[in-house]
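When the chains are written out, they are named A, B, C, D and E in that same order, and each has its own residue count from 1.
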Amino acid sequence: METFPSLLQQHATQSSNRTALRMKKHGIWNSYTWSDVADEVQKLACGFAATGLKPGDKVAIIGNNVPPLFFSILAAQSLGAIPVPMHADSTTAELKGLLENCEARFAVLQDQQQVDAIYEVIKELPMLTEVIYFDERGMRDYDHTHLKSYIEFEELGEQFAKEHPSFISDVSSKITPDSEAFIVYTAGTSGTCRGAVLTHSNFLSTGQTFVDQEGISDREEVYSYLPLSYASTLFFVYALWMIKGYTINCPESNETILADMREVGPTMLYGPPHFYKTIYSQIQSRTENTKSSLLRRHMSSLMTQGRTWLGDKLVFSQIKDLYGLSKIKHAYVGGDVLSEEVFKFYIALGVNLRATYGTAESAGCISVQDAQDTNAEHAETMVGAPLPGVEVKIDNKEICFKGTNAFKGYYRDEAQNNLIVSADGWIKTGDIGEMVSDHIHVLERSDCVSKFSTGADFMPKQIENAFKASPYIQDAVIVGEQKEHMVALIVINAESVGAWAERQQMQFTGLRDLATKDEVTALISDKVREVNSCMEHVGGANCPQIKRHTILHTELNASVGEMTRSRKIRRDIIANNYKALIDALYSGVDKYDVTDSNGDLVAQLRLQTA
Amino acid sequence: MYYREAGRLVKSFADDRRMLPLKEDRLLSTLFVVGVMYILVTAFASDYLLSAIFIPMMVLGVATLGLNIATGYTGQLSLGTAGFMSFGAFAAFNLVLRVDWMYIPLAFFLAGVIAGLVGIVFGLPALRIKGFYLIVSTLAAQFFSEWIFNAYPWFLNYTTSGVVNLPPFHYRVFPFQELTPLNDAFWHSSRGRYLITLTITIALIVACKNMVRSSTGRNWMAVRDMDIAANVIGISVAKTKLMAFFVSTFYCGVAGAMYSYCYIGNLDFMIFNLRRSFLVMFMVIVGGLGSILGSFLGAIFVYGWPILITRLGDWIFGGGTLDTAFVENNSKIVVGTIIIVLLIREPGGFAALWNTTKQKLRVWPFSK
Amino acid sequence: MNTSTDSKKPILVLDNINLSFKGVKAITDISFNVYEGEICAVIGPNGAGKSSMLNVINGVYIPQEGSITFEGRQFSKMKPGTAASMGIGRTFQNIALFAGMSTLDNIMTGRNSFHKATFWETALNMGRARREELASREEVEKIIEFLGLQSIRKTPVSSLPYGLQKRVELGRALAAQPKMLLLDEPMAGMTMEEKLDMSCYIQEVNANLGTTVVLIEHDMGVVMDVSDHVVVMDYGKKIGDGTPEEVMNNQDVIDAYLGVSH
Amino acid sequence: MWEWLPFFLEVLVGGLLSGVMYSLVAIGFVLIYKSSGVFNFAQGTMLLLAALTFVSMTERQVNFWVAFSITLVLMVALGIIVERTVMRPLANQSLLSLFMATVGLNYFLEGLAQGVWDSAVHGVDLGISNDPIFLIEKFPNLGLDIIISQFDIAAAVIAGSMILGLTLFFQYTRTGLSLRAVSDDHMAAMAVGIPLNRIWAIVWAVTGVICLIAGLLWGDRVSVSFTLTAAVLKGLPVILIGGLTSIPGAIVGGLIIGASEKLGEIYLAEYFGGQGIEHWWAYTTALIFLMIRPTGIFGEKEIERV
Amino acid sequence: MSTDTPILSIKNIEVLYSRVISALHGVSIEVQKGEVVSLLGANGAGKTTTCKAVSRLLEAERGEVSKGSIEYNGVDIKTMSPYDMVKAGVVQVLEGRHIFGHLTVEENLLTGSFIRNADSASVKRDLEYVYSRFNRIKDRRKNLGGLCSGGEQQMVAMGRAMMAKPNLILLDEPSMGLAPQLIEEIFEIVKTLNEEDGVSFLVSEQNANIALKYAKIGYIIENGRVVLKGSAKELSESDSVKEMYMGGGGDEVSFSDVKYYHRRRPCMV
């Protein structure tokens, strides 16, 4: 049985000249072969060892998706230390909480931003002894007692390697598949972050069954831009990479993610719904702005009649090429549900898109859709049969799993462990679902299933997804817990609604203005009515309806916790932040004044009745 | 539709700086040059097509490229193109006449160098004079050339008529020619002259492309776009201008030599008059300032239009109906109108039209 | 007048500079020092002769009287080429980019002095020409990364928004690896965010590469925060010279330029 | 020892007088350049067109003044049409583009003129006697034995009064002030409500009139044919010496070129292979002047603001 | 014409240069009679383009209003030329003054009066009036415009506009490059002209501090779009305006302690 360090050694010896990692830097794609990767990891691991990192110590890895981070993770693992990936944009408070919780001794940071974030609290973190950063820019004026640059660190490592040539391989060989490989903090739609401890075998055995089932080869070109702080990214990008030894490609900068993807032309892709929706919206709005009737005709018939041979040659294969989707063999969406319309669009376009299902506790993957699911009704929520080696059952509507991917437990959180892991090893996912002929159908996250005051259940997320299919709607929040009916807070997409408003020859100044325009209100009200009638169609005449709704004057804000970093909404925080507004919606008034801290009017929202 | 760019990873700076960065463009140009220009045309084109269409178009294209280097890339207006061509033509003639061992391509090259040196002399005022004032210098070059070859019969080897008929090539075209199956007669034929012209033209295009994508070309364009800024960042404006004049007139000189040797087959200073200078300038404008492709598109259009009109007239009304005066006036009106319309609608000329089309193909089907 | 900078070594000494156009005085008897490694701000109203001052320093204008000493070499007539080769970089008030070229090519042009290949070598794309091109590209890419211009690398500069053009111009000046940078209103007309970015770049260059910076700026906030040394000009004359604090409290400066307490 | 003097003076005066004709052509250039930045290369062809139109009528026995008036109207119309169809759409393009547009216009008009009329050689007779004047007969006390062409004097007088009139017009009328404002700063002129297009149309129309008069004078002198377009080539060095934006410059430039051309032809030609140096001599003279003053004698040296 | 009709009403205009480059997309501005309205934004945001769209000077720069409409006193100005606009009483004072450098100060002022075809006596009266408003330039009436200082040039430009007896002045970047105290002086004149002569102003400015001090209404324009509109008081108290445009005067912003990652925006996908 393999571990991450042993797999690295395998690739480094068996396919040393194959490209392991590419990153666009300075306008060209720089490659690292497997032996380059092994060298870097060796140096870095020696640097860790030289500065006193011991097996079992925690190493916080904070930054975006860049090669040195991959190296740091591997280096830590080679020493038997446990990497704890964290999000690059985390605030000081968030980081402090996580670093304290995991008792990190080392932290590897990308640049000044992360240094600043933890520098304020470094004195309060006595465990944290070494901080390493890659990017030298802006770092001149810092107190370097705790800080080391990556280069300094590698020099230390080279020195150490000379003195202890076989140190790393000795330590590595002691690592077993059941050793801890990662602590991954849950994304936390439900509040506090918890660190799931995952072993090498959690990732590697599940990963092996995944690649066997999906036929992933060692020649894949994988495009990777996601932060490594999610279990699913670690699974789809990192673990599968180590298993198959394919090539990972990282973009040059945040602004060039889409352009760089075209250059890569990946054969395998993993992304959250938001990513797919962005590309979808771009294609849609470019189609709407075009004068070409050819394009419009083909696009409008795509969803109903599928691709014709000519249409494929003239339009669709070209669109795929423009977005770098033309070579895709495997595209996966996970983390949340992609709305049906978008999902169907990709399928119709001929992109082999599959929904996956997994949680941090399950090393990022429990199941993946098969071809049969993509044609089913609710294809977007049918997530396939559990992977071999993983068992799934529905317990009181909640999806539970056990198997090779089952985590060791939360780090230093016995209480929560006991809460979700049963005596016989079943782990509650917290998601509501059903089994449809052995395939999992995810319905709703459990803590988000709401009950009306009448006692009836409803599932806000499904309704929200129905809204999100509209290109004009960025986010929707459905509220109804302990009420008689639902109300909706809607965030419009400033760009597409702006473009729409321009086509209508409307005057407007910005999102805040658009949100209160009659025309926009009418546009969104139509959508609400459509969703309502759709619910009635499915759930019968007595089905609860969205009685009232309003358009918010701003976007939801991740920095105050209204969304997670992966852009999932946090319903409880929103309900709290917008309490007064929601009360107003239920009270039946038709205007609501938003004021700032000085009490000055910011916007007057219009509360609509469907 | 034609371009498929997903999955093209540029892995080195050398890759990124290729002459034709897109695979499709490389394929198309190779096919065109090797397949069409070298094989198909050489094999099947008639003598008329070769010597009255292809050769002059290429020769004029080279002259246009020359002018484009000075005007389009470096921003130095020149009205002396034909004059510079004549220096090349006369230099080539005298080199071949007076140097025993002279090979034709070498003569062309040296003719270019000599013309280039003349170009430097007439470019010298550019160090002090700017903008329209500079056309005085290039016009002086034009009139000076017309005068000097007339006033000093030595240049024409004391021919009384003022015109020398050139046997296409007095001497061997290249060394070790006897080792090849192609004899002198072949190189004297339109096919042989076509191949020489084509090869030289392609070499000059490649050289020009190399220059414009390197420091040389950037310096030219910097001087064109804003000479003070260029000076301040350490570009020697004087050197850059003179270099541009040299390269520009080198191209014109080679074009002049090819014009007399490969195209008309005689040497006549009357041909290289001011009107021809203007014709070349029209080619630059129509084709597009600062574009290599445009230089040739312009040459093809301006040279080809009267021929097309004549041919059309012959075809519609029967042979010889259209008199030359009509054709000439017609093409003047058409070319004049096209120039004005292009300047208003598409100041980048045909080259810009081509690039727009290409860009549309690259973002198809989202092109507006 | 200025005690804090006395100990430092001047990199640039301007001595009694007088400049006039067609008899109209643009600069009258100006002398001041710029010290090695400092950020020196020149302030004053438009028409005070600030830009002309920069033009004198790098030889675009030739003063009728006075001398310029740069790194110990004295000039009565500086030429732009000499200034550039001695390591004086420059940006302009009204952006002077090469409009027909891309961001990359504009910055590449800044490395002209490192290119030794002659035109015929470039025509044949021979060894040296090719090597220099690739080497320059590598250096330029570092600047592009530093200034965050990756996504507009191949965009023609004429189609860039104003703020980005200013940044490209700074990049072009940096490409020559100057010892001293003359920046003519690098932050004029920018949003606060762009100003912050720009001042970050300037300070970074100053601190990491030790480049001396002379900049003209109107925003007193910027001047106070970033500069070590301020020279105030009005009607072609120097009316103040010292640390930002000294200058702000100088009565002449307040009367002529700042007006009521600002 | 002064025996060469009378001949020299005769050549000089002849040169100066023909120089006035160059000035006339040059003034059209300057007007258009000054007001709109257009270096009007079509000037020569406009001249040819005017002369050809006039001649075609007089050859068909149309009364001189009728023909003159009709041509005048046509030239004014041409000027306005050019302004409308070529210059206005190109406003604010680079000077090079504008110049090239006039080169295109030149080619267009050339084709048109020869297509509508013909390319044969015509004569014009303005009825001005071409008899020489012996200065010594008229002004014996000057003691100069010089022959001067009567036609040259008449032409110079016509040209001179045209120039004077124009100068006064543009210096002292409201339209003149507007024109100066326009040539200073187009945008500002538009902003204060000076109708730019009207000013340009006036300028082009005036240029048309100048072309007609110059065309007739030149036509009488050298006959009306295609070679008349070469007048533009004579005008070029003149304005460049004078400076593109200066009317006095155009006059002085004309005199310099006229005189130096005649003097060069007489005194220097033998050192240069005998003949034909007049083609490049004017340019060389201009070049020498420009090397000394790169923007012409009266041209403004621009202080390049950076 | 009802008194409520705004003197200028820009309705959701889009401006294209050379038919392709979009400079404005969705700008709506209203100026009521007798108001000073300021238009704030950075360079390249579209302030000048907006002014030129109103004065119709756009076409001279190959620009066109491709969507939306502009009404002056309730009349659509689509077909009007710059000349017509001045005639109707809308004069733009261009950014960077653009005075005629080769004309004297007085000649500069005179060009402003041509539009009215007034007799010389009334022109003389107007000249005196302008000199009374702009004291500084009176002594320099015979000087060439090009030799005046920046502040004087600005006054000449404004005086020249006043000679056309306008109802609305489009004042583009009057403070550009002027000393702080001169800026105050220029704006004081704006205030006088507005209050005593009843001229309405649309002032485009980068200097939000001063512009909001003298204006009644402000618009913030970014990347060719109006993003914020409000009374001068509202705007000058708004956090986002303070942060973006007035930071120089505030204390929170420090230029010496700037971070690299300031500009890093959240990931788009």
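We take it that contacts are C-beta pairs under 8 Å (C-beta built on N, C-alpha and C of every residue); 3 or more make two chains touch, one makes a residue touch a chain.
Bear in mind that the values here come from a model prediction, so they are computed numbers and not experimental data.
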| item | value |
| --- | --- |
| Minimal step count in the chain contact network, chain A to chain B | 1 |
| Where chain A and chain C overlap in contact partners, by chain label | B, E |
| Most central chain, judged by mean C-alpha position against the global CA mean | C |
| Which of D-E and B-D has more C-beta contact pairs | B-D |
| Chain whose Cα centroid lies at the greatest distance from that of chain B | A |
| Centroid spacing, where centroids are CA-atom means, of chain C and chain E in whole angstrom | 30 |
| Between chain C and chain B, distance of the C-alpha-averaged centres to the nearest whole Å | 42 |
| Centre distance in Å when chain B and chain E are each reduced to the mean of their C-alpha atoms | 50 |
| Averaged-CA centre spacing for the pair chain D and chain A, given as whole angstrom | 76 |
| Where chain D touches two or more other chains at once, by residue number | 304, 306 |
| Overlap residues in chain A, where contacts from two or more other chains coincide | 27, 137-138, 255 |
| Sites on chain B at which at least two other chains make contact | 13, 16, 228-229, 232 |
| Touch list for chain B against partner chain A, complex | 1, 4-13, 15-16, 363-368 |
| Chain D-facing residues of chain E, complex | 55, 57, 60-62, 81-83, 85-87, 91-94, 98-103, 107, 110-112, 114-115, 157, 160-161, 163-164 |
| Footprint of chain C on chain A - complex, ascending | 25-27, 137-138, 140-141, 252-253, 255-256, 259 |
| Of all residues in chain A, those that touch chain E in their complex | 89, 111-113, 116, 137-138, 225, 254-255, 257-258, 271, 274-275, 278-279, 498, 501-502, 505-510, 558, 596, 598, 600 |
| Interface residues, chain E side, partner chain C - complex | 21, 42-44, 147, 149-151, 176-182, 184, 206, 222-223, 243-245, 247-249, 253-256, 258-260, 262-263 |
